[in-house]
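Chains here go by letter, A, B, C, D and E, matching the order in which they are written, and residues are numbered from 1 within each.
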């Protein structure tokens, strides 16, 4: 009881703190100078129609590199956590339902297609490497759930993951060498605004990100899934 | 110059690459990781050298080809270069140190470490708050992975608690960043600061969330249970990464964002930091688990660093130096300790006695601990010194009190720990193997500490005034420690002799200092001569002995407060190690250290108060201090702990009694004079005779008198010969204190005579008794007896010693008594004087007991074959006896110049002692040591001749040929009356000797421990309560602030 | 107090975000089941995303993608702030990573103790 | 100690009479060395007593006068006669006026009064006390028991004739002699001393072997050195 | 030649003091005897005892300190004599007094005590040690009132020189410290009782319980030396008190009369009061006499 009332007091305090913010929050009518710069200069400098993408991949590319790293970390740690189990690849004892099997057969290629589309067009349309990667991963996961015999090899995923990560970093370094700084996308020509092959390195980076995210997410899920099987034995 | 960005890229790229390797090519992955981490190390070193060499400003690094605030920007300056260097070095050594656990866990773990180091680099370099947030998350997550190293118990739950706490904290951080962006329209720190926004309610709350989240990342007390659990659960190598790595980065984040906040944030940091420092150190007191204890200590130290960041305005141009020295101390020492902990393998503090199997590790352990506490010559000493002096100039005395109190509490547990390591019970289990992967990082860090100490010393204002020659000499002795003892002994003695020779011209005018220099150096040489009797290597003895003497002589040499305090702490450090070398000295050395530490902090506090509002730190400023009452009182109490005045004496008996035979005279006859000299310096500052009106002096006078009485009285009831001498020292120092407190010419003459006498006879007695103890292997007087036949020379030494001690004419002790009476009557302190006299008569009792119970009475069977004390003990005794004789016959040789100095100075011009050749006179009477000696000597010889003539035929008989009511004695043991010898006296006034002071200290001790023990129950182990604590911390700080 | 007439979309989402944040924190500090705690955390995470998005919203403006609907030259007056959206993207990924890790740890903890009660994991304390 | 004495006594002092504390044993020294202890040899001076010949005759006469006028009596009551000693010091008899004083330690006493029957057990203590007195020393024997055993002549544990064991200067007959008789004995003793005839101490030394043999004949548990210095 | 003359007179003075000490002891014994309705010893009995002790033919020694103990003891007694001005205003009877330093004498008393203690200790007799431990313990308490008294008269006369203190008391009997500072005199005279070793403070030498205390093992010549010292010391201590409190002495007759009465005081008290145990005497001495001494000082401070 005392604990609960104490908690309520604390939450009230927290609410009070946040209420200060809410109270001061008046919305905005206009872009602030930074955002305005993105909106006005972004298209020229970066050449991406999707301003968010220009921010994500270029202006704040270091953050994005960090995000990718976080996913890499997560995958690695999950891998470490379930290391012992993942070594013993046991068969799925339940099998797969007919509905899933049929739907999977149709959906998996489509999902892969959609995912690839999303990250390739990240600089033009809503979406990008992360979104596309997530869709890609869902395809792999679906495949793994559906076709128990044809599990995606961890090793392949890992290679894809590492390869795309290293390439991302290398592209970033190329920015230092060829353009204005680390992760500058202007290492390639900006191309025509609004076209697929435009915005310098963004499509490439986003593709790499998409691959990386896709492989990492699938890796996480697959590792956790495989641990489910061997879990009870230890 | 290589851009730091490339080091980030290299780290990240190799992390991705390393993840690819298979188990079979592990060693290749390992090599790659090492190279990958060596590269940024090289880069940061290069930049650091560049900045040191050129004094250029910081360099901004842009990403994405855009300028901030639009893109993420990094900055490398001196600080960043240094901090990344530290982090990268830590990373590199961690890979080496953790080689085996890494191998167990595989390549992925290597990648985690690389990413962690990369993250830390970016956190340090980045100027964008969101970017910092992202990389803080990276670092945290990488750590969550790394705690899987080493396969320890409970890592999962600890990791989960850590994760959830970090998640909550980062939620606050993110909300804060979001609103900062809303109100400030930028994520770039420099841009935000440049805008100089008007602080509104919303913005200040947003900044609050930002700051509190960064603070929470630094695990402030008490919202840090999750971090403690992690420290405990993680492999020590990972603990080192947390404590040294992430904390470093987070601290720097705090420093970077500090200009964003309003001015009050400095105060918040100060309070948060200091509360952390104090609270964490108090709660650490009862901790038994080494890793967790290191966690407590880390949190405390980081708290101090946070506070220092908060103080950055006050510290001004000294900030960098102070932060550097405190940071590097924490970084190197704490990481080193974690690594050591990994080698020890066991978590209980008592298991650390295993370190004794590798003496150099023990030394390194000592270096780490002394660095943490802030002993010279380690960097934190200089940092703390300057920090506190600077705070004092801002009149921040509350802060100083908290800092010093926290340091004291830290000392409580760290020195207990050191005690376990040096003297704890040796565990029977197999000692762990020391491979190069462990030895290299630990050794390297220990060496770096010494280097950092030198840098701090040179960097700190006034630091260069410290004479480092003795320190280098001591270091050289450490290096030469493999040599046999007699070579090192010769080197040490030669060092003291040469130093004395070099010092002499400097002091020849100042007789007062010269007397003490003679006591310190001469005493050092004499007691070291006794050291020749020790065979073998005597590892680690000589450096510390020399350290003590260097400290003592440094006191004499000191011109400014820093030199004085440096010397004081050096002396304490050396003497502590000397004391703990004794067989059963663990507890006593611990007590000694705690009292010394407390005393040193009081002195420090007093000095700091003296510097407030004054320029410079020369000793002269004590005279003009703005807070005379506090300054003098604090410093006086500090010095009293070293002279073991009543109330602060409880460390002394054990420490002196249990020390090695030739160490006891060092720490008794010589070391105690350090405190006396401190008091002299203090009293000189108080300004001569006008200070008589100072109530402090009056109090000290009474204290001295009562100390003399109680000290001597307790000594009477001792059965342990060395303890008896130790209590006697307490009493004797009471005389000195009393005489000093007269604040008159003759009073000081008394004090100096007493000091010199005490040095002569107590060194003599301890050497003689030490020689006996060496032979008979017991301290208990009632077990000895009749040793005069075996040890006639020791007997003569003790006889001369006690005659001097008791103040019996014609020896020099009487000179002190005579001066004392004159001073008492001139001063009018009759009652105190009577008490001191009473103490003197009581001294006579233990003098008799000492000589009777040891040398006279019934010889014991088992000591029939003992030999005379080693010749190396006898030689210094003979020199001391000659000294006593010379001083007795010609006291004018020393007292006359000292008297001239005192009366010639501005301090005590009135009522000096008049000298007429060898005769001293006051307006009360006169005295001539020479004539008294002559008369008594001639008379004694005549009477001796007479008796010899009368009883020349006497038959020599044996021990049982005594009248025994017609019976024969049973055994020598039951016939030797010496146990509980003064039982009637005890029945009469023994109540004065009840250990009330010891008991009250014990009560203080147990109260503090109980408090710490119950207070640390807030770390209940429940992850959810930790979250509640975090939440409460946020809310409470917010409510306090707004 | 809040004037309901002046309610607009960003205020509402901000309000919901704040409420969700407090609710999520309530869940974290009151639920005993580790999974529920993790779910509560995701609520907190989501609330932050809401807050971020509301901050970036400009009244009456459209998504920051320059296409047919939005003039490239006049983009500054046409689009909402792209930066918070980029931040949200990053935050989501971070949240995902942390959630995944929490779940993995929870799984391990469950295997260790056969319990998901957070009170059962008190081996390390004091 | 002479060789023959040693030989004589080895037979008589059998192990069962040797007190445990006086048996040979070993102790361990501080360095772990083994030390052999033979208590009777090590704790006691085993020199044979020496006769102290009177000095120059005239000086001796003066000194004997002083010795006679300053008789310090060892306060040692052996038998029933010891009850007669305290009245000596009372106002009625006031032995002080004759220079008689009681001393508690044999070292400072010159007279030992054997006050009545002497058990063998007490004899041993008497011998030790007597031997610990310094050279001009005198023995006054009170009562018949010291002369011929008196009423205890056939007792199993008293001696019959003190002469066999100590050189007696003055016998006082009676059972018990009254204090006046004791005063008379002091007077007699003084006369003997002044005449130079009270050389019992030297006599004891000269006939030491005979005395020892007699003493040891009755005292089985000797447990002392042969001569108690 | 001066020094030879000086030594000659010092020896003469020592001889007088020794004789007076022996005689005084005899007289006191006589008085004691008469009080208990006895005839008592001959007046010259102490001489006879001394001669007898020196004439003891055999000597034993326990070791070197056994030898040195009596020497120390006698040195203590003779030393105090040497540093004590005997007759006021006389150059020749001032000995080596350096104008008579009070502190020197006060501390030199320890010299003899130490010697006795060491000698007795070397004797190896437990009773000797018991006696010494009692004696020393009691001595600490005895000295305290004396110290207070000395301090009091040092304040009074602003001097630590016995000669000057005696000089200040000349002129009239009312100038004696006894009258000018009765409290100090009171405290000192109580302490004198202890110093003389008479009842109630004579448990040190309790005759039967621990034969005779410290000198248990001493005999013959050694005892003679101790007796010699005793004779000297008693007179010299009485002279000290005489000098401090009773106006000193202008000639030997005055000295003899005054010391007789001072010494008689202790004998008188000894006759009247029973014996204290050490653990009784110490608290007693630390109560009343110390209070008197404190009062004696307070009088001069206020």
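Here is the rule we go by: a contact is a pair of C-beta atoms (placed from the backbone, for glycine too) under 8 Å apart; a residue touches a chain by one contact, two chains touch by 3 or more.
None of these values were measured; they are calculated from a predicted model.
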{"item": "Chains touching both chain D and chain E, listed by label", "value": "B"}
{"item": "Chain nearest the overall C-alpha centroid of the shown protein atoms", "value": "B"}
{"item": "Winner on C-beta contact pairs when B-D is weighed against A-C", "value": "A-C"}
{"item": "Geometric centre distance via CA averages, chain C-chain A, whole Å", "value": "16"}
{"item": "Inter-centroid spacing, chain B versus chain A (mean Cα positions, whole Å)", "value": "54"}
{"item": "Distance from chain E to chain B - Cα centre to Cα centre, in angstrom", "value": "53"}
{"item": "Intercentroid distance (Cα basis), chain E paired with chain C, Å", "value": "100"}
{"item": "Overlap residues in chain D, where contacts from two or more other chains coincide", "value": "50, 105, 107, 229"}
{"item": "Residues of chain C touching at least two other chains", "value": "21, 25, 29, 55, 83, 90, 94, 97, 101, 105, 108"}
{"item": "For chain A, residues that touch 2 or more chains besides their own", "value": "7, 10-11, 14, 18, 21, 25, 28, 32, 34-35, 38, 59-60, 63, 66-67, 70, 73-74, 77, 81"}
{"item": "Touching pairs among all chains present in the structure", "value": "A-B, A-C, B-C, B-D, B-E, D-E"}
{"item": "Parts of chain C lying in touch with chain A, wherever the complex brings them together", "value": "8, 10-11, 14-15, 18, 21-22, 25-26, 29-30, 54-59, 63-67, 72, 75-79, 81-83, 85-86, 89-90, 92-94, 96-97, 100-101, 103-105, 107-108, 111"}
{"item": "Interface residues, chain E side, partner chain B - complex", "value": "54, 58-65, 67-68, 70-72, 74-75, 78-79, 82-83, 96, 98-99, 101-104, 107-108, 110-111, 113-114, 117-118, 121-127, 129-130, 132-134, 136-137, 139-141, 143-144, 147-148, 151-152, 154-155, 158-161, 164, 211, 216-217, 220-222, 224-225, 277-280, 282-283, 286, 293-294, 297, 301"}
{"item": "Complex contact set, residues of chain B against chain C", "value": "130, 134, 137, 141, 144, 153-154, 156-161, 163-164, 166-168, 170-171, 174-175, 177-179, 181-182, 187, 225, 228-229, 232-233, 287, 292, 1016-1017, 1019-1024, 1027-1028, 1031"}
{"item": "Chain B - residues contacting chain E, complex", "value": "786, 788-789, 792, 799, 802-803, 806-809, 814, 817-818, 821-822, 824-825, 828, 830-831, 833-834, 837-838, 841-842, 844-845, 847-849, 851-852, 856-858, 923-928, 931-932, 935-936, 939-940, 943-944, 947-948, 950-951, 953-957, 959, 961-965, 975-978, 981-982, 984-985, 987-989"}
{"item": "For the chain B and chain D complex, residues of the former touching the latter", "value": "775-778, 861-866, 955-961, 963, 965-972"}
